[in-house]
C-alpha cells in the first residue's frame, strides 16, 4: 500500500508561507471601507446623518429645533417598534405581513377587555401582550412545522387578524377622553417628559430600549447566533446542532409580543383605541421599508436591528422634512418611493466599493 | 505511474446492474401521485374543482348557473391578467409590488391621451401599452444591472407609479358614458357575447389566451427555459450560457406590458377610467395571492402560469361563493385569509405525499 | 406672507378632497396665506393625520383645516394644536366630541343619506313595501361617513335600524345585503355583481358615492337591468350630477367641499388677524354648509333641486 | 467485543428511491472504519440515519449497547456523536468561531453568563484558533472571518476541526478530503489518527482507496443500499475492494 | 508551435485578496494540460478568467493567436471554449436535457421553429441520452428527470458530458472527479481521452496526482496566484510535483 502514497509524504517539508499581497490604496479611504465592512449599520447611519443635514440646511432652525427633532422620534415610534419585530422575522429569511394588524388587534384587545369586561388596565395590557405572542406562535408553528412559506402564512394571518379586529370591535373607537378618565394605564407609554427643551415620551424610550436589548441579544447570546444561522441556511443550522423549530417559534412569538407592545405604544401615542388605525393595513409595508433601508437582507441572515432602527428614522426624517417643506402629499409619496430605491442602491454601491 | 492506479482498472469488469427496488403500493394511488408530480398545476386544479363542487352542493343551482359561473370569470379577469404578469416575475425569484399600480396608471394614460390630447383611441391604447412596457423596463434594469432586490425596486415603483397616476389624473374619473360616446375602442375588451346562455367578454378571452400563450412560451421555447433557469440559480444560469440580463429585461418588460393590458381590461370592465381604482392599491397582493395559491414557488424556478390562473379562479370562487352563501364582507375577508393558508397547506401536503 | 395654514384631508386620492384642496388653495392665494396640504395614505389613516398636525405645529401655522379620518382618535393631537394657539376647523366630518374643534364646516352625512332614502321610498310609492335593496358601502372597517349615510338612507327609506353606529345589523328582509366598494367604480361593479348573484331582482341600490354608483350601473347594464333599478348616491360631483342627468343615478345628495374649504381659510385669516373665531349655524352645533338632493324626478315631500341647478353648484 | 455503534435493518425511502435498504452497520471501539461504495450506494444516507440527521423508516440503532432513537442531530451530538456532513453544515455569513460553537456556545462566567446569557466570545475564539492550528490551518488569519470568505478546502478544514474537537464517543467524516489538496488531505489524515489515538473511533467515508487502505482498521463495503461485506485491509488489495464495491466479483461471505 | 490558448500577466483581486497575481498560461493544440496547486492557489480563478466567467483586472488572453476579451461565459462558449466549473453550473429544477442545451437550444424545423420558436424536445432528449450513454452514465433512467434528483456523481457526469459534447476548441474541467467514485472517475478519464482523440485540447484541474500523471501531457503548477512552472510528467515524479506546488523544493527554471 505504501508505494501508492509516498508522494504525499513530501508535504511534511512543505513551505508554510501564506500568500500575502501588498495592500494597495489603504489609508483613509481603505480604513473607512474596513469600518463599513465590519459594522454594516454604518451605511444607514451615514444616510441618516446626510438626510438630517440636507433638510437642516434647507429648512433651517425650524427643522433643527429640539421640537422638530424629537418629533421625528415620536412619529417613528410605532414603525420603529414594528421594524424591530420585522427585523427578527426577516433575519430568519421570512417576512411578516401581519405585524401592523397584530398591533392594532392587540390595542383593541387591551381596550375592549378594560372597557367591556371590566378587566383592570394592567391586566388587560398583559392579556393583550399574551394575545400578540399567541398569534405570533400560530404563524411560527405554521412556518416551522407545516413548512409553509412565511409570506403566505402572514398574508393569511394579516387578513384574519384584521377581520377579527373589525368583528371584535364592531369598529368602535374607544375615545381618548374615556381612557384618560377611566384607564390611564393604557396610555402609560404616552407619558411625556422633557429633557433640555426636547420632549420625549415613554413610547420612544421603549423603542430605544427595545433596539438595545434586541441588538444585545442578537449579537451576544447563543439565541441570537441561532437566529442568524437559521436565516442563513436552516438545513445547515439543523445539522450543526441548532434547534431550528425552537428558534423559529421563539422568533415568531417574540415578534408577536413586540407587535403587541407596538399596539400599546399606539394607545400611548394616539390616546384612543381605534380598530381602523391604518397601521393595520400599511404597518407591514412601513416596517419592511424601514428594515430594508436599514440594510437588512431580505434573504435572511444578514443585517442588524440597529440598522433597521436607522432605516425607520431615515423614513421619518424624509417624511417630516418633506412635509415641513410643504411638498404635496403625492409628491411626498413619490419621493419616498425614490428614497426607497435610492437608499438601497447607495447601500449596495457602498458595500460593493468596500468589499 | 501505473502501479499507483492499477486497482482502478478493475472497474472495467464492474457489474453494470443498477439499483432497482420494488415499487410498493403502485396502482391507482401511485399513478395518481405520478401525475401530480409531473404536472404540478394539477394540485390547484383539484382544489378549484373541489371548491366549485362544495359551493355547488351548498348553494345548488344558484351557483351552478351559467350566470354565476361566468360571473366568476368576469370578476377574476383583472386579477387573472395581473397574476400572469406576477408569475413571470416570481418565476425569476422576484416579486412585483407594482403590478396593480402600473395597470391603473396605464388605463389613465389611455384615457387622458384620448380625452385631453385628442389622440385616436387605438393609438392611445398602444401608447399605454408602451408606457407599461417602459415602466417594467426601468424596474428590470434596476434589478438586473444595479442588482437591487426586486421587492425594494417594485415597492418604490409602486409608490412612484401610484403618485404619478394621481398627479397626472388629478383624480378625475372619465365617465363610462363619455367613453362610450367618443372613444368606444377604449372599452373594446368589454365587448360581450353569449355562448349557450353564458356571457363572456373579450377581456376574459384575452386572459385565457394570455395564459395559453405564456404557458406555451414558458414550456416550449428557449426563452421559457431561460426564465426558469434564471429563477432557479442566476449564477449557474449565467455560467451555463444564459444571457441573464436579457432574460431579466424581457421578463420585466413583458410584465409591464401585461399590466398595461390589464389596464385596458379594466376600462372594458368598468366602462370608465378611474385613477382611484382599488387595483392600484391591492392588485399586487391579489395577484401574489393567486400565484401562490396556484403553487408557484416564491423562491423562483418552480410553478406554472396555468397554476396561477387556477389560483385566481379559486379565490374568485371563494369570494363569490361566500357572498352567495350570505357571509358578510368581514367574514368573507377572514375566510379568504384562512383559504390562503389552507390552500397552500393542502398543496404542500399533496406534494409531500406524492413525492 | 407670514400667515401659515394647513389643510389635512383623509386622502388625496378622492376627487372630493382634490377639489377641497383646490378651493382652499385658491382662497389662500387670494388672502395671501401660505397653505400646506397634507393627506392620509388611505381612508381611515389617523396616523398620518397626527403626524401632519405635529408638522403644522412645528411649522408655526396659525390654523388647521381637517377632515378627520378618525373623528375621536384625532382629538388629543388637535388639542395639542389648540394649546399651541392654532385655530382648528373640522371640515366635512365633525369631530367626536364636536367641540374638540373651534368650528365645523360640514355636510350632515346622516341627512344626506336620509334625503336619498326618502326620495327612493317616495319614488317607488307602494312598491317600496316589497323593495329589494342593495347597500354598497365603503369599507369593512366601517368608517363613520359610510355608516352615517348608510343608516340615514335606511331611516329615510323607512327601515328600522339596529345599532345606528354600524351597518349590517338590520332585520328588514327588504335589505338583500351589504357589500363594500372602496368608493370607486371597480368596487362598485364587483359589489353589485355579488349582491345580484344573491338576488337577481334587486331594484333599489344605495351607494356610498357616485363612482361606486357608476360601477354598480355597469354591472346592471351587463345583465340588461339598468333601466328597472333605482340607484341613489351621495356627493354631487360634476360627473355624478351628469350621471343623474343621463339617468344612471336617480338622485344624489350634493355637498359643497369648495365652500367648506374657502370658509375655513377665511376663518383662519380672521383668527390670525383679529383673533375672532367663526360661529355656528343657528340651531346647530356646527356650520352647515348644506346638502341638496339633486334630481329631475322630484318626489312629493322631499325637497330637491334640478340637475341644471346641481350642475351650477357641482365641484369637480 | 461489543460494537460501540451498531445498526440493524435500516431502511430509508425517498419517494420511489430506496436510499437505505435493510442496511447493517458496526463500529468497534477505538477503530477507524472506512465506508466505501459507488456514488449513490447510500453511504451518506446511512450515516445520516446514524447521526440523527435523518429518521430511518425502519431498523434499530444501538450506542454502547443501549438502543437509541435520535430525532435530530442535536440528540446525536448530545450522545457524543459528531459528524462532518458531505454538504458541509455551516452558516456562511457567520464567523469561524460562531460556526465551531454553533449549538454549544460558551457563556461568560457569573451573572453575565447565567442571567444576561452573554457569550464568552474571547474563550470561543481562543479555542477555535487552537483547534485550527492543530490542524495546520494556520493560513486562516482571522478567526472572526465569515466562513463564506474561506476557500473550499479551508471550510472543510473548519468542519473537520469542529468534529474532532467535540466528538466524545464517535466521529463521523463523510468524504472529508474530497475538495482538499494534497497537503490539506494529509493534515486531515493525520488528524484522524490523532483522534483515534485519543481512543475515539472514527467512521470515514471516502472514494480515495490509497487513503482508505492506509488508515482504516476495517473497511465496510456498501453496495445498492446495504452492507455488502466488511473486509480487513491487510487481507485484501485495493483491487479486491474495488471489485467488491462495483460488483465485479462476488463478495466474501463474512468479514 | 503556437499555443491555442495563451494568457499573460492576468490579475484578479477580490477586495483584499489577490486571487490571480500576474499569472501566465499556455495550452498547446491537442494536449491534455493538467493544472495542480494548493487549495486557494487561484486555479479556479484563473480558468474563470480564461472562460469569461470573471473579467480579469489586468492581463491579456489570446485564442488561436487572436486577442480576446470575453465579457461573459456566453462569449467564451461562442468561441468554442466549454467549461465544467467547480461549483457545477446547473439549474436544479430543470431536466437533464434542458440543462445540457441551456443557452443553445435546438428548435423545430420549419415555421414551428422559426416563427413559433418551438423547441425540438425529442431531438434534444435523444442527443442528451446518447451523450450520457457514451459516458457510461446509463444508470440515469429518465432524461427528463430534474437535475436535483441526481446524486452528486451523476450530476458531475452530466456536466462533463455537456462540455465534452459541445467543446469545439477547448474543454476546461475544474476538478471533475472530486465527488466521483472509483468507477465514475475512470469513466471521466476515459472521456477526457476520447475528447483529446477528437483533436480537442483539455485543461484539467485536479488534486488527484495519480490521475494527473496518468493522462496529462504537461503539468502546469500553480502557486500563490501565479504559474510556478510547467513540467513534463515523464521527467518528474509525483513527489517532485507535490514538492513544487507546496513549496517544499525550488521549482525548475523552465518547463
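Order of writing sets the chain letters: A, B, C, D and E. Residues in each chain are counted from 1.
The rule is simple: contacts are C-beta pairs under 8 Å (C-beta built on N, C-alpha and C of every residue); 3 or more make two chains touch, one makes a residue touch a chain.
Small disclaimer: the values here were computed from a predicted structure and weren't measured.
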| item | value |
| --- | --- |
| Where chain A and chain E overlap in contact partners, by chain label | B, D |
| Contact-richer chain pair (by C-beta pairs counted) among B-D and A-C | A-C |
| Most distant chain from chain D, judged by the mean position of its C-alpha atoms | C |
| Chain at maximum distance from chain E, centres defined as averaged CA atoms | C |
| For chain A paired with chain C, centre-to-centre distance based on mean C-alpha positions, whole Å | 37 |
| Whole-Å gap separating chain B and chain E, where each centre is the average of the chain's CA atoms | 40 |
| Distance between the centres, which are taken as Cα means, of chain B and chain A, whole angstrom | 30 |
| Mean-CA-position distance for chain D and chain C (Å) | 72 |
| Overlap residues in chain C, where contacts from two or more other chains coincide | 12, 42, 140 |
| Contacts with two or more other chains, residues of chain A listed in rising order | 4, 7-9, 11, 14, 19, 163, 166, 330, 333 |
| Residue numbers of chain E (touch at least two other chains) | 40, 139, 182-183, 185, 209-210, 238, 242, 246 |
| Touching chain combinations (by label order) | A-B, A-C, A-D, A-E, B-C, B-D, B-E, D-E |
| Residues on chain C engaged by chain B in the complex (per definition of touch) | 12-15, 18, 42, 140, 168, 177-180, 182-187, 189-190, 193-195, 197-198, 200, 211, 214-215, 217-218, 221-223, 239, 242-243, 246, 248, 316 |
| Residues of chain A that touch chain C when the two form their complex | 62, 65, 67-68, 71, 74-75, 78, 163, 166, 170-173, 175-177, 269-272, 274-279, 281-282, 319-320, 323-324, 326, 328-330, 333 |
| Chain B residues within the chain D interface of the complex | 4, 6-11, 13-15, 17, 19, 21, 23, 355 |
| For the chain E and chain A complex, residues of the former touching the latter | 14-18, 21, 40, 209-210, 224-225, 237-239, 241-243, 246-249 |
| Interfacial residue positions of chain B with respect to chain E in the complex | 1-2, 4-5, 7-9, 11-12, 14, 16, 18-19, 220-223, 225-226, 228-229, 232-233, 235-243, 301-302 |
